[in-house]
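Two complexes come next, and they have one chain in common, chain A, joined by chain B in the first and chain C in the second.
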Partner chain A sequence: MTKGESASTNSSRGSGSIIFLFFIIGLIGSLVVGWIIFPMLLYSEKKQPIDYNHAIHLDAVDNGCESCHFFREDGTFSGIPKLSQCVDCHGEVQGSNPEEKRFVEEYVQKETEVPWLAYSRQPDCVFFSHVVHVKTAEMKCEVCHGPIGSSEHSKEYEQNRITGLSRAIWGPSIAGFRKNSWDSMKMDVCGQCHEKETGSKGPCFQCHK
Partner chain B sequence: MKESSVHENAKKYGMVINLDKCTGCGSCMVACMSENNIPFKADETNKLDSITWMRVYRLTNKEPFPKTEMCYLPRPCMHCGGKGDHGHSPCVSVCPATATDYDHKTGIVSQIYTRCFGCRYCMAACPYRARYFNWWDPVWPKEMESMLNPNVSPRMRGVVEKCSFCFHRYQLAMEKAYLEERRELEEHEYQTACTQACPSGAIVFGDLNNPSHKVHELKKHPNAFRLLERLQTNPKVYYISSREWVRRSGDNYLIGENKTSTK
Partner chain C sequence: MKMDRRAFLSLGVGVAAGTTLSPLPWKLMDDISIWTQNWSWTPVPDDGECTYINSVCRLCSGACGITVRKIGNRVVKIEGQNGHPINDGGICLLGLSSPQILYGQERVQRPLKRDGKRGEGKWIPISWENAIQEVFSKLQQLRSQDMPNRLACITGTDQGTVPRLFERFLTVFGSPNYIRMPSIVDSYELTLNLMQGGPSSVGFDFESADYILSFGSGIIDGWTSPVRMFKLNSQWKDKNIKCVQIESRLSNSAAKASQWIPIQPGTEAELAMGIAHVMVKENWYHPDFVQNQSNGFAEWRTKLMANVNLEHIATITGVHQDVIIQVAKEFANASTPIAICGQGRGLIPGNMREFVAVHTLNALKGNINQKGGVGALAELDYIDWPEVMMDAIATKGMAIERIDHANTDHYPYARYLMSRLPKVLLNQKEPMLEMLFVLRSNPYYSLPGTAIIKEAWEKIPFIVSFSSVMDETALYSDLILPEPFYLETYEDIPTPTGYLYPMIGLMRPVIQPLYDTKPAADVLIQLAQKFEGTVAKAFSWSNYQTCLEKTLKDKWDTMIKKGYFLDTSLSQVWKKEFTTLSGKFEFKNMELKELEKETTPELEGSKEQYPLLLIPYDSLRIASTSVANPPFVTKTIEDNVLKQNDVLLEINPITAKSLGVKEHDLVEITTPHGRAIVRIHLFEGIMPGLIAMARGLGHETGGDYLYGKGVNVNSLLGSIESPFSGFEMAYATRANLRHV
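Let's look at the complex of A and B:
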């Protein structure tokens, strides 16, 4: 009797540790899938049609970012420049950069707009006023957009396959951690800053439409 | 920025609609539909499931032929301030998702479609039937897709929507003001689509708190009244009519109740 009992407890201990082992394997496996494999699958990577050098342009213009990304007379923000703005300087090939040559040949001479991919495009339901942030509150572009002005190459455009949004909205960290103020463009980020600067997150209608 | 936003004067945007001038042409409804990307169906005969932020009602005095009179009454959202104007409007009070809230800076009752989950409590609470439910995803004829207003997000199936006093126009007007380093809007800078579309000038829109705006005086007109005033919803839409039966039909009265109780 006693022998049989002790044997059965031994075997149940053994199966318990096997179950625990499988539990750990499963846990680690699902963590790897959730935190590493899924985020890799979630974003598709696209290249910009032209590898754009912000740094070289910023040196050549007088008015900083606003030389190309200007405000219209009605206060709206022009965003990514249209071809007509580029043509002012790039009617002919100016330098030796092969990307510029390609730009002039494929877009300027054919008079087709460049299908730029907008990193910071917010969803449909969001209203954002650049003018109140840049002019009234005197915020620097870098606070939200990062040091894009000094970039020499266009980084890859990562698009969320489910929502269709750019990765710049969620940010590089899938867990939502931010090292810099420009790492994410989610509503929480807007809310945090608004709470600090204006004392409240504001009514929903302020940014949602 | 913190200090200056505190010192901003609170607005109270509202409307005064002169029913003597309204011909019932429906221009305001059409303008509203196209301005706000309001979906429509091939068959709009069932008014229970069609969406009209601005709706023109036809009132009659219920008298037999020689004395029969009619009146058209355009009805947008009333943007109720609630008792004492504290923002406790009927819909805001019942919304479990805070999808609708009262903006104390402008007095406008907002509706955030992405937050709404379609319980429709607000529709039950609204005494003016100003709220509508999307029973289907909106579908526009293909040619119309490119004509949608980019400043108003289209709604999806399962959410409630209503008149916003063309709030996107306020935002755009403010953008221009900020660029010109102003914080106040001129009266003409922010007008709703229905106001501008009305051919007879029956609808006047502006800041009810601002003495330089036309609505400030018009709302004090002796023939001015509001709908269901005795519910104390404190609506921001005023009506003017020279006819007493019209003014009386703006609220519910007992038979034989003192007629002078209407304004």
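Let's look at the complex of A and C:
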């Protein structure tokens, strides 16, 4: 080996490690961006207009979730209650909870609908029939919505800055992993369940109209 | 450590690998796709509880019952009302798309006064008070100058309280010039009047008929009550009832019929006489009806046998003799066959000889005023307002001849002759009209001979439109006093044409009026009350709704609950007795003899200059009555009818070959009445030598979705006046094509 050859081997070994180092920097940097920074930037955090206690309400009513989230005569689902339903009980302040007082003063007395942020809102072209799932297939609300009935406070509403929808649709894991059935409300979740229960994911137009 | 090119590339590879292994690209892609579904400008109906209100659609003469679905105060869907006697849950494209008109950009939102030239579209808003005062001043001027007859009014129909209030207003004001738009209602009314004694309107018991012979009637193309006919057509199919369509082109109705018989346009009367000839010759008619219940049969038969030659009929109609005999035999063998006529939707009254000949076929089978037959319906007499008291001005005005000469010595059989109005105005020596009211009709657009109408319009100094949307007639008017859209107001909707039981539907508001509109009848009441004396007295109601409630009396409650009032006892409502002079069905009375002498006027232009024959056709996908297509309906037009902005002209491939034109070629069509650029569509379903174009296109209004799409076929057609009745007969025009 000549002197010159040795020098060139050393320098190519040195430049090889530099190249690898840059690769690692790029790799780790983008992994950090993709896994940590991107999710932080993607969601903005919003609070519900009123901190709502589901647990206390569920104890007070006779018909479970359907006491407030009921089905209309034509089978359509009423969704988040309107002020007129709340007024039945909350025409006046009932207890000592400051949130209830605020609700009565700011909304009931001013006859203004509460601008609730719906965690489960889907794009408008997606059609979903609650009655078919809850009544016909006898599914429990928790399967998709989780144990929201036992919550004492409204959870933070993480709004996707691009879609405008709640993080509840995609789920807590940015990678899309699920621990519970209610961790995501994406189409794959619907498809998996449909395939299991009915043998088919169903045609596109069943939900996309 | 220096970053060279290779290090930089390596960094890039690292970033690419890291990014791929992170959720970023996949999540971003998913979010962007969802973002496109959530654009704020995409219209989304409100979410919430649905409510349903039943009403009646007024967008054509069909009078379908509708169920309007609302969320909050927003109309989101219109469906056919289940169990409704006319349409039982069915609805047409136009009715279904009503919300697009209700919320559309073409609504006239407040009273408007013309600012620029007519048709320029320049308007200034005006208050209701000032607008009504302006009309009142002009009306008062007409009365003070003893010229009340210089007011005319055009309405789409003359049935129901609102048109009748307009007629009442004109009468008490002193003008005989209340005019109804032309349609087959004119010709059927006259047919029944001549043969059975009038006045009455026609009703068909298609539900119990067992053979249908249609002379060009668009059974599924909008004839009479479109949804009713659509449903009947399906019922006939289910019950294996034969339906024969005699028509020059393969329309939808012809395509769905059991048998299609192509015929030379304008020769339907001759074919009907040919069929009658076979039935009489072979003694295939109903002897009891003919002998005991009819008059003039023997004379009629003698003349028929002497004058009608089947071979000649086959030559002029293009229908083979064997086919004529086959149809005659089938018609005769059926127990309740019905023969009908009126081309397409029935917008043109047509040839009275054809109507009489076709009705004669029904009479030969004795299928008149009985189950499964054709009957004369007496009008429901629920409008029993006190007679108007006439002052001297009104009496004098009413004694003057009608401007259209209907019901005069010139045209004794016609009640209204709207199609004559343009000609009369163009030939006037001194001004004949000062003021025109137009309600629920679009004469400026929808009458054949657009060029003449445009010219005639200039002769009318002041035109008031009551339209709730900006149609052509409104665009070329001087003042628009918009009435609410039909979903925003109450009104009675009388029996649709051709329905067999007298009925009244109740149209009711499903939402509060969106804009500053006023029911036309309320405008009329307010105008009348500004006058003193008899005019005000004839309109003593506080408003239209009170007038309606008082008029309907005990029916009001039933109608509020049920949505309609229906008299289903056939024996009571179908006129059993013939009220002709003889008291029998007339085969040949004086008037019918007169009609026999009528020959169809020659079409304008020479065959050499215009070797082709252009016929218009109707489609349920193109509204061609008083309303124009809303966007959704336009979207459904097939691309062999309208391709982008070009209308397609149907031509038989043999004719096309002889002219050297190919599919989609742009050509100029010239007729003696106008010219236009159109695109060729080769169609084997049209007879050689004929060309056909859809009605209802070429609007000057209608916004981005309709304006400038296609050509108004009326601009190529000319008016053809029947010498006997004065009715419009424009069934075709001569035409020529040239490459552009």
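Keep this in mind: the second predicted complex is superposed on the first by the 208 of 209 C-alpha atoms of A that agree within 3 Å, B and C clash if a C-alpha of one lies under 4 Å from a C-alpha of the other, contacts with A are read in each partner's own complex, and residues count from 1 in each chain.
Basically, a contact is a pair of C-beta atoms (placed from the backbone, for glycine too) under 8 Å apart; a residue touches a chain by one contact, two chains touch by 3 or more.
All of these numbers come straight from a predicted model, not from anything done at the bench.
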- [ ] Using the superposition on chain A, decide if chain B and chain C clash or fit.
- [x] clash
Open item on the list: Contact-wise, after the overlay, does A:Phe127 reach chain B, chain C, both or neither (first, second, both, neither)?
Closed with: first
Task: First, second, both or neither for A:Lys209, with chain B first and chain C second - done: first
TODO: Pick one for A:Gly199: touches chain B only (first), chain C only (second), both, or neither.
DONE: first
- [ ] For A:Asn160, select first, second, both or neither according to whether it touches chain B, chain C, the two together, or no partner.
- [x] second
Open item on the list: Which partner chains sit in contact with A:Gly75 here, chain B, chain C, both or neither? Use first/second/both/neither.
Closed with: first
Task: Contacts of A:Pro147 with chain B and chain C, given as first, second, both or neither - done: neither
Task: If touched residues of chain A are counted for chain B and for chain C, the larger one - done: C
Open item on the list: Tell me the contact category for A:Pro98 with respect to chain B and chain C: first, second, both or neither.
Closed with: neither
Task: Touched partner set for A:Lys135, first chain B, second chain C, both or neither - done: first
- [ ] Give the one stretch of chain B, out of 2-10, 56-64, 110-118 or 254-262, that collides with chain C after superposing.
- [x] 56-64
- [ ] Under the contact definition given at the top, report the residues of chain A touching chain B in one complex and chain C in the other.
- [x] 74, 76, 124-125
Task: Residue ranges of chain B touching chain A (in the complex, touch as defined) - done: 1-2, 5-6, 98-99, 101-105, 108, 110, 112-115, 151-154, 164, 167-168, 171-172, 174-181
Task: Of chain A, residues touching chain C in the complex - done: 15, 18-31, 33-35, 38-39, 42, 72, 74, 76, 78-79, 82, 123-126, 160, 162-165, 170, 174-176
TODO: Enumerate the contact residues on chain A facing chain B in the complex.
DONE: 71, 73-76, 124-125, 127, 129, 131-132, 135-137, 197-199, 203-206, 208-209
Open item on the list: Show me the residue ranges of chain C that touch chain A in the complex, using the header's touch definition.
Closed with: 1-4, 6-8, 10-19, 21-24, 27-28, 30-32, 34-35, 37-38, 42, 44, 47-50
